[in-house]
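Worksheet: one structure, shown below.
First chain written, first letter: the chains are A, B, C and D, and each begins at residue 1.
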Amino acid sequence: MVPTIYYVILSAILFGMGAIAFIFKQNIISIFMSIELMLNAVNLAFVAFNQAWGKLDGQVFVLFVIVVAAAEAAVGLGIIILIQRNRQSLNVERVDQLKL
Amino acid sequence: MSASLIIFFLLAALAILGAASLIFQRHPIHAALSLIVVMVALAGLYLLMGAEFVAAVQIIVYGGAIMVLFVFVIMLLNAGVEERTNFSKMASIAGWPLALALTGVLAAAMVRAGPTVANPANPGMLSDTATLSTLLFTDFVYPFELTSFLVLVAILGAMVLAQREQK
Amino acid sequence: MQPILEQLWIIPLLPLLGSAINGLFGEKWPNKIVNSVALGSTGLSFLFALEAVREFVFVRNQQFFRKEYFDWIIAGNFRAGFDLQMDQLTVVMVLVVTGVGFLIHIYSTGYMAHEGGYYRFFSYLNLFMFFMLILVLAANYVLLFVGWEGVGLSSYLLIGFYFLRKSAADAGKKAFIVNRIGDFGFMLGMFLLFRTFHTLDFKTLFDAAAPMASDAFGHLGTLTAACLLLFMGACGKSAQLPLYVWLPDAMEGPTPVSALIHAATMVTAGVYVVARSHILFTHAPTAMLVVAIVGCATAFFAATIGLAQRDIKKVLAYSTVSQLGYMFLGCGVGAFGAGIFHLMTHAFFKALLFLAAGSVIHAMGGEQDMLKMGGLSRKIKYTYWTMLIATLAIAGIPPLAGFFSKDSILLSAFQSENGGGSTGHILYGVGLFTALLTSFYMFRLIFLTFHGKPRYDEHHVHVHESPWSMLGPLVTLAVLSVIGGWVAAPALWGGEDHFANFLGPVFGGAEAGSAITEAARHQLELTLAIVAVLAALAGLGVAFWLYIRQPGKPAELVKSFKGAYTAVYNKYYVDELYDAVIVQPLMWISTQVLWKAVDVRVIDGAVNGVAESLSNTGDAVRHTQSGNTRSYAVWVVVGALVVIAIIFWPALKPALGMVR
Amino acid sequence: MNFLTQNAFWILSIIKILLLLFIVLTVNAYLTWFERKLVAHIQSRWGPHRVGPHGLLQPAADGLKFLFKEDPTPAGADKLVYYLAPFLALALALTAIAVIPFGPKPIPFFNFFGQPVYLWVANPDISLLILFAITALSVYGVALAGWASNSKYPLLGGLRSSAQMISYELALTMSVVGVLLMSNSFSLSQIINAQSYAPGVLGWNIIGFSGRGFPVPQVLGFLCFFIAAIAETNRAPFDLPEAESELVAGFHTEYASFKFAMFFIAEYTAMITVSCLVAILFFGGWLSPFPATAFWQFTHYLPSVTLIPFGLWVIWDGIHYETIVGKLVLPVIGFVMIVLGSALIALPAVNEFIQPTFWLLAKIFVVLFFYVWARGTLPRLRYDQLMNMGWKVLLPVSIANVILTAGAVLLRGH
């Protein structure tokens, strides 16, 4: 039997690593993937607490998170394709028009 | 050291390794593969916790659809090894410490919270998929509808984005 | 078994359906279809109303019926539901509304035949029917208020039906705004009632109010205040002093509208409300007196204005105002039954008058100035005779309808002791004189229009009788105005007072019972009736003498009483007065103070100032915005750190207590 | 001894797995033989008949060839992924078989140290979900192979296959929902049992009686599922990823020898899995098509009745065979068949036990026959046709099927 806190800590660590990847990846796709990693970490916490309370709401939320992640991936990858098409580069630092 | 603990530590190690390799791999495909590893490991953890349906969905949707999409796009754009530029002072200077701080703060908060976190009422008991779906379609029906709408919008958005403008 | 009564909602729903259908799809349809929809819905609801009344009277033996169909507003202990009720008062109102409404629909098919926006007109008319029925069927003040506002809306739409004419649009606005003033009072009254009784449902509210001690005379208790506020609303809707100004302008609308809304039904809503809440009023003698005085004053005032008007519809409008005054006088002196009775008879003959006038205008090809008519009696016989009947009725010539109702009102006015000894007699006197004036200006109208030699260019105007679709209603209404009064013929005249007995259960003790014995009572009735008839005849005589015998006379009189005449002709300059006292100051304040000063200086200044400062600060920190996404990512992390720190560190235990 | 009794379950599972692997691989091998023969006869050729009688040893020959071929690795290939891909494909494909139950009852008169021996490796409650999870992952084998070999044709093949698999997975999953609705369970054995409430063939989901009310046939669901499954396994007419005429051999162009064999085996294993699924989901799995009444008792001898005459024919055929080997081998095979058949008659218990498995295998065989038949008959779709098919036909139809079934089940009540 595994204490819930283990799962929670694991999810915290994964989330942190996701954040690190989010900062240090420079390929847009990889950055996207690190976001997915963070989402997964959150899901883990959800399920862990869900089991801890013996209620199913947590799992329902995980399902929602997954669906939203799917939608986000669809749109995001579409955007990525556009970026690649327009500036022939996937490096975020070359996409620096997001300012006044 | 019970069997479930051993399995947990194996899977956890797998997940963390996967995440680490996601950070350090230079090639998107490899990053994607390591992310898939993480996801499979998480699915295993869900199974260990008895959330079998979520585990399956995790693999089917995340592993089978989303990540495939990623791989697909990587192949489509023929993305090569990512180049490392350091235009962002902010990231290059404050990046590491901040990220580590975030991880630390989170983990520390969790550890501090440790004793207060209740342990699974009945560990490893498989949560019933039927009840889950009932919950999903009764209490959470409005969020459910909303998400369906969101997905629809996402499909349209993706199509609009990805199609080449016709002359 | 009471199928229709149980499903009372059908009666108002039908016109709504008609309105919706016509309004949505009618534009392209030929008039026939629009007719069939409009008439069908109204006629059906009339039939249903008849059936419902039959069930109410014969199946239920007049047991009070009330049903809650669905909850509309639930807030705390406040409930306003879509509840309809049926009692004797409702019966009268429903029958009048649907019946007269149906006739006027028929009439309109003829009258509006050549107008543009045909479907629009009928859609509005049906809408009005719907709201009016809601008003009279409602079982609580809130739903009643819905109908109240709704009829206001449809009246606005219909007055402004020829919205291309500026006068019409303005008239519509005027009606709407003046009514708002009244509604303001009405709502305040409702609030006060709710605060006192914690309900706005008629039954419970009145049951609660009945045992209460009535306010002392001349002392402003809760009930008195509530009644006065309600009466304020009634003043607005029923065009009483000082809020009567909108009604004459409302004549800009098509004539059927004037007949239906501004004579027969809507304007009587005020009377209905006062009668409906009679229990409150009987507990507030002061309010009663106010109602009586206002009604009496309005009756007289409007009648005087009516003397000198040249526009045929204006005359009728002012007579309407004055007749409404009568009804309020009746209610005010406690003779609610008489008031309602007069409401009904008035609905008949005033609708008839308007429709006939419409027929005349139709015949004259749109001419409304009586001085440009004359000698029409031979050309348009039906119109002439029906209109004559109506005039006799309104003038109070026995045995027509108007006589009985007006007589009973005057009688109760004479008998009322409310407000000290002679008040009743004064009211009676004024009322009597008003009756004289009424018959005078009505016959003036008749003589100017139908007798004497034609004063219009016969070559251009081809006078023609109206189609049967218009004459049919005229005749029906004429019959009604003749026999309509008999249902209430008091014992003295061989009838046995059906009407009062019928309404008895509703008004119960509210009727002003007089101390004097039966014989003396009959004696009194007889004398008063004779006096009234004499007054009416006197008015007739004067009119005859002035406009038939010596047609030159009026002009001389006008010369000799120049000032008075111009004053009366210009309606005592009331509109100008209001304009000067209320409208102009408001305009000035809103432009000079609110707009130029408050809005521009204060509000815009504040907003722009904030915007300025913000844009400056933004300009200052803009340089952190490198456009490099990774930097942004780091900033996000910083934010996350701060948030997490705030959540977790200071209150670790409570923040995580929820986990347990 | 003690050790055995304690860990009997694990050991048994391992043995089962090895056994299953062996069987599946053999079946794979002979599936290729079967396919080549059948297609050949469809195209009025002889097919393999040199190696061994009727080319029965052809698979063995192929296997040897695979083993001994040279195994070049294309220059600039991503080594790790290049090697990973075929393993991934094969491993996933084989894992899928593990959750398929081949019979309801444990083997009679035999316990493995107290463990009853069931005809499945694992029978979890969510076996169907697990199957879908595995199918979902099996995209990677193809896609990564295409990407890793760093060459145009494979890349295109990989792209195509991943696109195709994503598209058809939706229809695949959707089309099963109907079945799930009718049998409230993800467990394959539960799904089979749920079809046993009406007599014989009527109870199968394809007809859909549930012993109460009207039938809710899953014909739409079946069609969608089968088509989508063919596409999911990259078989003709949906085998664009390996369309020889357009891109040589698609994603495994750059693969040779054993790695190629892995893809090959993976593909055929997937075929078998799908056939099992079709049989289980829509055709009552191991349930006999005849009602389980005394009157229909005689149908229990069908296995023998099929085996013995076939054996006789094989012997006859063998006697007249040209080569010596044939003359020797074929009669032996036939004799074995006859012995088996008569054994079944002799031992009723065994016969009873064999019944469900017999029916399941029979159904699987039929489905496989359809697979090959389709390949032999239908022309390959164009890519846009493929996508239209998937998105504009299968997906809507399967969703409609879900809605209809849901409504019907609701009307009928559980």
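We take it that contacts are C-beta pairs under 8 Å (C-beta built on N, C-alpha and C of every residue); 3 or more make two chains touch, one makes a residue touch a chain.
Please read all numbers here as calculations on a predicted model, not as lab measurements.
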> Centre-to-centre on C-alpha atoms, which chain is most distant from chain D?
Replying inline: C
> If you average the CA atoms of chain A and of chain D, how many Å lie between those two points?
Replying inline: 37
>> Need the CA-centroid distance for the pair chain A / chain C, whole Å please.
In response: 66
> Using mean CA coordinates as chain centres, what's the chain A-chain B distance in Å?
Replying inline: 6
>> Among all residues of chain A, which ones touch two or more of the remaining chains?
In response: 19, 23, 26, 49, 52, 93, 96
>> Where in chain B do residues touch two or more of the other chains?
In response: 53, 65, 69, 74, 76, 87-88, 91, 95, 98-99, 102, 106, 109, 113, 117-118
> Tell me, which pairs of chains are in touch?
Replying inline: A-B, A-C, B-C, B-D
> Along chain B, where are the residues that touch chain C in the complex?
Replying inline: 87-91, 94-95, 98-99, 101-102, 105-106, 109, 112-113, 116-118
>> Per the contact definition, I'd like the list of chain A residues that touch chain B in the complex.
In response: 1-10, 12-21, 23-27, 29-30, 32-34, 36-37, 40, 43-44, 47-54, 56-57, 59-60, 62-64, 66-75, 77-82, 84, 90-91, 93-94, 96
> Across the complex, what residues on chain B touch chain D?
Replying inline: 27, 29-30, 33, 36, 43, 52-53, 56, 59-60, 63-65, 68-69, 71-72, 74-76, 78, 126, 129-130
> Which residues of chain B touch chain A in the complex?
Replying inline: 2, 4-5, 8, 12, 15-16, 19-20, 22-23, 28, 31-32, 35, 38-39, 42, 45-46, 48-51, 53-54, 57-58, 61-62, 65-66, 69-70, 73-74, 76-77, 79, 82-88, 91, 95-96, 98-100, 102-104, 106-107, 109-111, 113-114, 117-124, 127, 131-132, 135-136, 139-140, 143-144, 147, 150-151, 153-155, 157-162
> Considering the complex alone, what residue numbers of chain D touch chain B?
Replying inline: 78, 80-81, 84, 124-126, 129-130, 132-133, 135-137, 139-140, 143-144, 146-147, 155, 158-159, 162-163, 165-166, 169, 173, 184, 186
